[in-house]
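The following pair of complexes shares a single chain, chain A, combined with chain B in the former and chain C in the latter.
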Partner chain A sequence: MPHLEVRDVVKRYGKVTVLSGVSFSAEKGEFVVMVGPSGCGKSTLLRSIAGLEEISSGSVSIAGRDITTAEPSDRGVAMVFQNYALYPHMTVAQNMGFALKVARRPKAEIETAVTRAAEILRITDHLGKYPKALSGGQKQRVAIGRAITRAPEVFLFDEPLSNLDAALRSQMRIELSRLHRELGATMLYVTHDQTEAMTMADRIIVMNGGNIEQIGSPLDLYNRPATRFVAGFIGSPRMNFITAHVARLAGRSVGFTLGEGRPPLDLEFAPGETLPRLGDAVTLGIRPEALGDEGEVHIADADVTVVEALGRETLVYSDAHTLRTTDSESLDGYFAQLVPSQSDKRLGQHIELRANRSAFVVFAADGATLHDASPIHHK
Partner chain B sequence: MTLRSRTVAIGLHAVVSLWTLFVLLPVFVMVISAFKSQAELFTRPLALPKHFSFAAFERAWGIGISGFLVNSILVTALSVFIIIFASSLAAYILARSERPVMRWVYVAIVAGFAVPLQSVMVPLYQLVSSAGLLNSRLAIALPYAAYGIPFTTMLFYTFFLEFPRELEEAARLDGCGRLEVFFRIVLPLSGPAIASGAIFQAVFNWNEFILALLMLTKSDVRTLPVGIYGLTGQYSADWPALMAGLAIATVPLIVIFLLAQRHFVRSLAGLGK
Partner chain C sequence: MPFPPTSKPAGRRPAMKAGAVSATAMMAPALILVGVFILIPAIVAVIGSFFDFSMTSANWTYVGGANYRRAATDPLFWLAISNNIFIVVGSVISQVGGGAILAAILDRGIRRGGVFYRTIIFMPVVISSIAVAFVWMLILDPNVGPLNAVVKALGLPTPKLGWLGDPSISLWMLLLIAAWQNVGFQMMLILAGLQAIPKEHYEAASLDGARGLKAFWYITLPGIRNVLVLATLITVIGGFKVFDLVFVTTGGGPANATQVLGTYTYTQAFSFGNMGYANAMAVVLLVTAALLGWLQVRLSRRG
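Entry: the complex of A and B
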């Protein structure tokens, strides 16, 4: 039986539907990350599970117990908030022990629980301090410690790292993963940062517009995105999308237009993949790392417009003039290319954009994936 | 600093200095008059006293100021306590409730602020009288509380709108009921609002005269303003003693203000939001 089960959860604020029938489950000890753009309903879902929001319909159960209408404190959940939400008038130790104090547990038990949590998080030296004397990272540790002392069935994290600077964030990511292993606890983590999702999750739930787009392991989502939205959301820089239509059909071979006066791009659809119809409008997708100087398919000629040398890798944006990408992250219409080394490409340089046939993903007009790419393996 | 901002700064300082003088001058006159004789007070009203004499203070103390002082402290403390307790709780519920009717309740409370005391004095007297409370400290402490609640509720309301919700949510997850959230988390963190609310109401209730005069006819329950008024007769008044009594009455408030000034200013600075 799943440890956390969310079934058909609907949440409306007046006429606005924020969650439209969301269902998923998490096994005991699983680290599940919910990602999505702001306003996609991920925080509302988390708060509904915590009991801070009343849901309009549906049910939530934890460890086999229906908690849909239970008080927040009776649900067996603990939550870590984005702005820490530490009580400013209490010391670190009092903050961490507050839940047990409210539950009127004996002093010795509170002390043991607080000491243990402080040791796990390495904040023993700060127990006597007030929150205002702590740095952002320390505050977040205390907030996590407060959750640990309650020994909940499920930990809920609401964008806990977004107030920290980049260096601290990557440190805390590793720390949280360690914590998850040590405690063996079920964790549900909300973020809009796909790096956090990819690095920490056992499974990722991608949400968009109050619906779940896809649930799967990080690499699953990356390699086999179920929709164009997922393909665009997971992976940085973003996948390049090109609008095209079906120009010819022969058995399982489908030919797509690649601009005026160019021979169609033929892709072989695997058995089981849905074939589009002749004339259908589709979107072709190709990852920035799959674009290069070599490859079976010549996509377009282009001029380099931006070169971002990151040292280990280089990001090249180029303008293919007649062939534009759509729905791109930063430079609309330009192709993003990720070269896994330092590159000698210069601004204004004329290049060929090429890729292998197996690198293309095909999406239907409604966004569903029709054809998957094969993952790239570097030797 | 540029010339322009310096000119502005000088101008502001001039205005504030002038205002300070305007406020402090009567206080100054009160204090120096308390050390003068009746004759000197009228012949040289603004000059410093020739001899500092404590005779006026002795006469003022002689009419039982210590008793009035105790009454004033009791009445002010009780009314301020009721005001803070009721207003904070009411404002919290008003600020957190999503029910539309609560907005009207809030408007009704704020409207209570606009009812002048004079217009309800007679019915109020009858109410207190039929409750058998005349000549008791409750006779003025309760009306004071009723009169202080609207303003203080507004003060707390604006404060609670800004209060971080996450703290309350964290407390709910930690097992607190609604009231526990209020008393264990929200109220302990409402220092600035409590301080400014308390000072405002303390000043008002400490100085209040007309209701006290109406409700308290016996000398042993009188508060300071009414008690000191006893130094004026039908044909004459002992002005130096009156001033001495007022000077004594002013001291406790100044002490309270100095103690809570930091909170007071901070809270008022945020009131315009």
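Entry: the complex of A and C
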């Protein structure tokens, strides 16, 4: 039986539907990350599970118990908020022990729980301080400690690292993963940051417009995105998308236009993949790391417009003039390309954009994936 | 250099010196005003409290602590103080308590019209006390006032001597007028305090098991504690200093029923010409207000 089960959850605010029938489940001890752009409903879903929002229909159960209408404190969940939400007039220790105090647990028990949580989070030195004397990272540790002392069935995290600076964020990512291993607890984590999702999750739930687009392991989502949305959301820099038409159909071989007066690009569809029809408008996707000087397919000639040296590799944006990408990161329809930093791409340089046939992903007009790329094997 | 500098790009020392000079210059008007209108009169009052003199006296007679001893044995002085205390306690209950209830209603209780009600309730705060007093004298007038008309229409008895003329209720009436005038101010203070508590604190508390009364006790009350202390102190000080409202409506009457330190001091000074005695009472009031003011500053710094 799943530890956390969310079934057909609908949430409406008046006429606006924020969640339109969302279902998923999490096993005991699983770290599940819900990711999506702002307004996709991920926070509302988390808050609905916490009991801070009343759902319009559907059900939520934790450890086999239906908690759809239970009070927030009776659900067996603890939540960590984005802006910490520490009680300013209580010390760190009082903050962490507050839930137990409200539940009228004996003092000794509260102290043991607080001490243990403080040790796990290495904040023992700060127990007597007030929140205003703490840094952002310390505050978030206290907020996590407050959750730990309650020993909940499910931990809920609502973008807990968004208020921290980049260095602290990557450090806290590692700590949260460690914490998850140590506690073995079920954790549900909301973020809009796909790096957090990729690095921490056992499974990722990608949400968009109040629906779940795809659920899967980080690499699953990266290698086999179910929709164009997931393909664009997971992976940084974004996948390049090109609009194309089906020009040729022969068995499982499908030819796509790559621009006026150019030979079509033939891709072999695997058995089981849905074939498009002749004339269909589709989107071709190709990851930035799959674009290079070599490859079976010549996609376009282009001029380098932006070079961003990232150290290990270099991010190159180039302008292919007649062939433009849609929905791209740079917004100008440029192609994004990740190349080894040793390569000597310079601003204004004329380059060829090439890729192997196996690197292309094909999406139908409704966004569903028709044809997957093969995972890239780096040499 | 093509352009002359607009300000002296001097080293650190001269800049600080200039800063100190300009700071003094900036504060000078306020300091002069405080000195002329508060500090010097206060000093004169303290000195005068040890003398016997009248408005037109050429000579002041030194009497030592006689004025203070006189106050200690003057039943009217003690009546005035007890009336002040009555107003202080009544005002804290009606203004801070009432303001808190109104603030809570505006914060949570109503869905729309919050700004409208807030404005309406706050409006009397900006009216001068003299005008408020006159408006209420009209309302409470036993012959033409609307209050009597309403009470009579309901078939209830009205006070024979009038609302302000009956010694047993006139002080209550003053309390009511003061509350009407000031409750909006306290409401605004407390409302600001309530709205400064982040929503997440209540959400975190509800997950921690604190809802309703417990949330009020553990989250709301500590959150507005400083504001409540401030509101109470403002009200207490106002209650001791009250003068204009009483002076205009009842003048301390009937039969000293509404006599407060402010009006009694005024009466002794300008009706009976006992300037020395009036000064002594003014000093008592000053010390009380100063102590409370110091307390207010201390408590508000703690938050």
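The working rule: the second predicted complex is superposed on the first by the 377 of 379 C-alpha atoms of A that agree within 3 Å, B and C clash if a C-alpha of one lies under 4 Å from a C-alpha of the other, contacts with A are read in each partner's own complex, and residues count from 1 in each chain.
As a working rule, a contact is a pair of C-beta atoms (placed from the backbone, for glycine too) under 8 Å apart; a residue touches a chain by one contact, two chains touch by 3 or more.
Just so it is clear, the structure is predicted and the values come from calculations on it, not from any experiment.
Annotation for the three-chain superposition on chain A: chain B and chain C clash. Within the superposed three-chain model, A:Leu52 lies in touch with chain B and with chain C [touch as defined at top].
When the two structures are aligned on the shared chain, A:Tyr13 is found in touch with neither chain B nor chain C. In the superposed pair of complexes, A:Ser73 makes contact with chain B and with chain C alike. Touch criterion met: A:Ala103 reaches chain B and chain C at once. Of the two partner chains placed by superposition, chain B and chain C are both touched by A:Asn83. 50-52, 71-73, 77-79, 81, 83, 85, 87-89, 98-99, 102-103, 146, 150 are the residues of chain A that lie in the contact sets of both chain B and chain C, per the superposition on chain A.
Chain B contributes residues 164, 166-167, 169-176, 180, 184-185, 188-189 to its touches with chain A in the complex.
Contacts from chain C toward chain A in the complex involve residues 198, 200-201, 203-211, 214, 218-219, 222-223, 225.
In the complex of the two chains, the chain A residues touching chain C come out as 50-52, 71-73, 77-79, 81, 83, 85, 87-89, 98-99, 102-103, 146, 150. In the complex of the two chains, the chain A residues touching chain B come out as 50-52, 71-73, 77-79, 81-83, 85, 87-89, 98-99, 102-103, 146, 150.
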